[in-house]
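Two complexes come next, and they have one chain in common, subunit A, joined by subunit B in the first and subunit C in the second.
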Partner chain A sequence: MKIKINRTGLLCFWVLMVLYGLAIFADFICPYAYQDENRDFSYCPPTAVEFQDQGRWVRPFVYGRALTFNAIHRRVYVIDHTQKYPLHFLKGGRLFGVDAPGRFYLWGADARGRDLFSRIWYGARISLSIGLLGVGISFILGLLIGGIAGYYGGWVDNILMRVCEMFMMIPGFYLMLALRAAVPENFNSVQVYISVVVILSLIGWASLARIIRGMALSLRERDFVLAAKTLGVPDIVIIFKHILPQTISFSCATLMLTVSSYILAEAGLSVVGLGIQDPIPSWGNLLSDAMGIVPVIFAPWILLPGLFIFIAVVCFNVIGDSLRDAFDPMFNEKG
Partner chain B sequence: MSVLQIQNVSKSFGNLRAVEDVSIALDQGDNLAIIGESGCGKTTLAKMIMGLAKPDTGFIKAQYYSVQMVFQDPNQSLDPLWNVWGILKEALWRKGALPPQDIQKRIEQMLVAVGLSPQVLQRFPHEFSGGERQRIAIARALLADPQVLVLDEAVSALDTLVQKQIIDLLKKLKQDFNLTYIFISHNLRLVRNFSDKIVVMYQGKIVEEGRTQSVLSAPAHPYTQQLLQAAFYTNFRNL
Partner chain C sequence: MNTLLSIKDLTVAVDEKVLVNQVSFDVPQGKIVAIAGGSGSGKTTIGLSVLRLLPSALQIRQGSIVFEGQDLLKLSSEKMRDCRGARVGMVFQEPLSTFDPLFTIGQQIDEVLAAHTKLSKQERYKKVLETLSEVELPDPLRAYKSFPHQLSGGMRQRAMVAQAIVCNPSLIIADEPTSSLDVTLQVKIMELFIRLKKKNISILLIAHDLGMIAHLADEVVILRQGEIVEKGPVERVYKQPEHGYTKELIEAFQ
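Up next is the complex of A and B:
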């Protein structure tokens, strides 16, 4: 089967690939580790890279900065033109950076003087993977339960669909909070990560299962399924071999659309402090720093993680849409 | 020797009585045609014979999995996402784990038997013509070693020339594999050409049965007469 995806979808695909690439190689690309803090540079604004020194082109460098307070006790960083820290590349296993005590903040620093650029890409690891993992689990659940319910029908269908409805009738965010409340407080970061994945997947499977069930209900009457039945092929094999593959085009498109909602859900959970815990960054808990109006006014760069959430969500949605178009035979024949 | 016995079988869907008190006994080597208009219960009967539906009353006695079916539309009966190899291998499911060479040999032999080249194994259903697809469907049914083959309008979806080829093939396979046929159709010309015995169904009931020649030359039931007249008309008296 040949899938032709439209140009916008392709563009979004490559944007996502870049985001995932940066996340995967965060150790190399980021100048600092995510927990590397320096309280002398609290809310330090983005550092300008200088290319000229007294009119001469030189190796790129940054000036040192000193934290002072002005008359109304607001932080002011004063550029110290006597301190110059040349940018070095590929030193210590990192793409770029400056020697201590200089600090290089490409996109500014957070309250504890941690580099936002680094934290965004380390956070991308969590935010971008959690959506995929959560979707993976809820898809396995949704396909399996939907397939079984639709294929068998009758009381099996009834019971499974009532369970689905129980999950669907609780508003997603509150269900998420309730499930999060059931998770012990003293989990370490890995355990929290896994529990957030599980929580996300538990809120999403039900709607998928209902749709797959509807498709399976009609597919089970198709001749090739009846033929497999008369050949004595076991039901579970029929479900996996004949029913679920037929739903794949729909599933792929829905999968992409669901990933974005999971990224948002993780962000939502982390923004209110119930998701990934500091110091481990995720785009959600990075954004939770921006909940107060004061930091946003004086350090607007801490909104940057929101931009990346936005980009990732838009990309997944566009890819999902164009996949759906690509799989839609009516749409394909025209173009 | 009886290979299939249908005894007083009835089936209704809500108020609709699809099949009513039908009894048919089939001996080894029979070639029985079931004819009747759309909605007369032919397909419901076929589904009950296949075990895909349960009769409300009565019983159907056949050896376990000794009945296989060829469906009307080969576009529908072959899973579009699987190649010929995947489709045919499924027919050997009940035989348990066979050595791979053995599976390969059986499938290739069967493809030759239905008049296809063994080279088509990697191809997908949409790459075949309707007649070829029906040959694949027949090969699949025969790979399960059936005694009885139910042909549910098996040639109705094909054009006339291909119909003849498939009918010839079915005649040959009947000899080669010692098969018993139940040929479900509304095409009287084909039936006369193909089957020895005939059962006429009307509104879920059997209204007439007997040898093909005698039923078609001297129909007793008004419905059969009507059916014959209609067939005369559509076939320009070529029957």
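Up next is the complex of A and C:
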């Protein structure tokens, strides 16, 4: 079985691979650890890399900066041309960086003087994995419950679908808040992470289960299911081998679309302060720094995590769409 | 002559409408018994009743189906499932839709063996290939690896017969097994059934093609609107039909 994905889909796939790669190798790529702060550089703007010193090409370096306040008590970082910090590469297990007391902020700093570039890639670990894990769990639940409900029908179907509806009737975000409220406050970051994953997957499985159930209802009437029954193949084998694989084109496309909605949901939770807690970064809680108008005006770079949420969501959606297209001709061929 | 399958007073109904009314007949061991009749006469319903796989709306109201000394209607659903495929195989009319398009022929035959036997993977593989050559598929290895749509209609039908006999059942229910094939292929499949019969496998043949029945079957049961109008040895029924409907059928066929 060959699946051909169109070019846009392929491009998005590689963009995502780059994002995941950067997240995985964040320890190497980022110049600072995610919790490495320096209050002297609060909202320090992106540092320019200099290649020329008095008209001569030299090894790249950055100038030092000094924090001053202007007449209206606004932070102004004055470039100190006497201080030069050469960029060094592959030192101390990091791809690039400068020696203390110099600071290198490729994409600016946040309120506590933490490097946004580093925090974005450490945050990507959380944001990009939470969607995948959540989708993994809700897909297992959705396929299993939808498959069983559709295949058996009758009272099994009735009970399972009423349970689904109980999850679906509460607006998603409020259900998320309610579930989050049920999680103990004293959880450590790993426990919070797991609970966010579980919360996300509890919300998403129901709608998937309903659609899979509908497909299973029609698939179980197909001749090959009857044939498998006449040959004494156990029900569970029929569900897993003959019903669920038939839904693969739909499932794959939905899987991708759901990942993006989970990334958004995690961001939503974190923006309102209920997701991953500071100092551990996620794209959502990085963006929560940009809730006030003042920081956005004076330090617009703190909106950058939003751009990455946007990129990731668009990529997953486009891949989902192109997967659906890719599966389509196969279905036509089968008639 | 041992009786392998004995159906007595079988009545199947949807709500008030009776589809099969008090049907009784026997299938002796190693014989081919045909059920003939027009569309909607309840032929297929009887076949599915034997396997207890009727659509949920259809209910067996009364009667017994004794197979190898056991009343199938009284078996637990697990026992019944063990019986399907292992003791009774089924062959359908349209082999393209009765194979799952996502798996190879070999995988799907293997699945039946895996459900009913404790053979190892290699033993199953060998057995599947043996069975595929037993139904005279020209290239069993290729058929094993083919997806259903890659085989021709005749080959698919053979593969389905292979799937039905892979567990060495004593009875095969063949529901219009040749209707979707052209005449030359029909003859081949009929030859295949005759060979199965020689191996002491009984066949319950569901068909409307009286020519095929004359060629294949030992006994015939003529159904009309769910009731048996006539039954007996094929030659007798064809030569001296007792019932007007049988006469009509035979005349229409000639």
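Just so we're on the same page, the second predicted complex is superposed on the first by the 329 of 335 C-alpha atoms of A that agree within 3 Å, B and C clash if a C-alpha of one lies under 4 Å from a C-alpha of the other, contacts with A are read in each partner's own complex, and residues count from 1 in each chain.
Just so it is clear, contacts are C-beta pairs under 8 Å (C-beta built on N, C-alpha and C of every residue); 3 or more make two chains touch, one makes a residue touch a chain.
Only a predicted model underlies this, so the values are computations on that prediction, with no experimental measurement involved.
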Room on subunit A for both subunit B and subunit C (clash or fit): clash
Which superposed partner A:Arg75 touches (first subunit B, second subunit C, both, neither): neither
Touching partner for A:Lys84 - first (subunit B), second (subunit C), both, neither: neither
Contacts of A:Leu231 with subunit B and subunit C, given as first, second, both or neither: both
Which superposed partner A:His242 touches (first subunit B, second subunit C, both, neither): both
Touched partner set for A:Arg112, first subunit B, second subunit C, both or neither: neither
Shared contact residues on subunit A - subunit B and subunit C: 1, 222-224, 226-234, 237, 241-242, 245-246
Complex contacts: residues of subunit C adjacent to subunit A: 51, 53, 56, 81-86, 89-90, 92, 94, 97-103, 111-112, 115-116, 149, 160, 163-164, 173
Subunit C-facing residues of subunit A, complex: 1, 153-154, 222-224, 226-234, 237, 241-242, 245-246, 334
Contact set on subunit B toward subunit A in their complex: 47, 50-52, 65, 67-69, 71-73, 76-79, 81-82, 90-91, 93-94, 137, 140, 144
Residue ranges of subunit A touching subunit B (in the complex, touch as defined): 1, 222-224, 226-234, 237, 241-242, 245-246
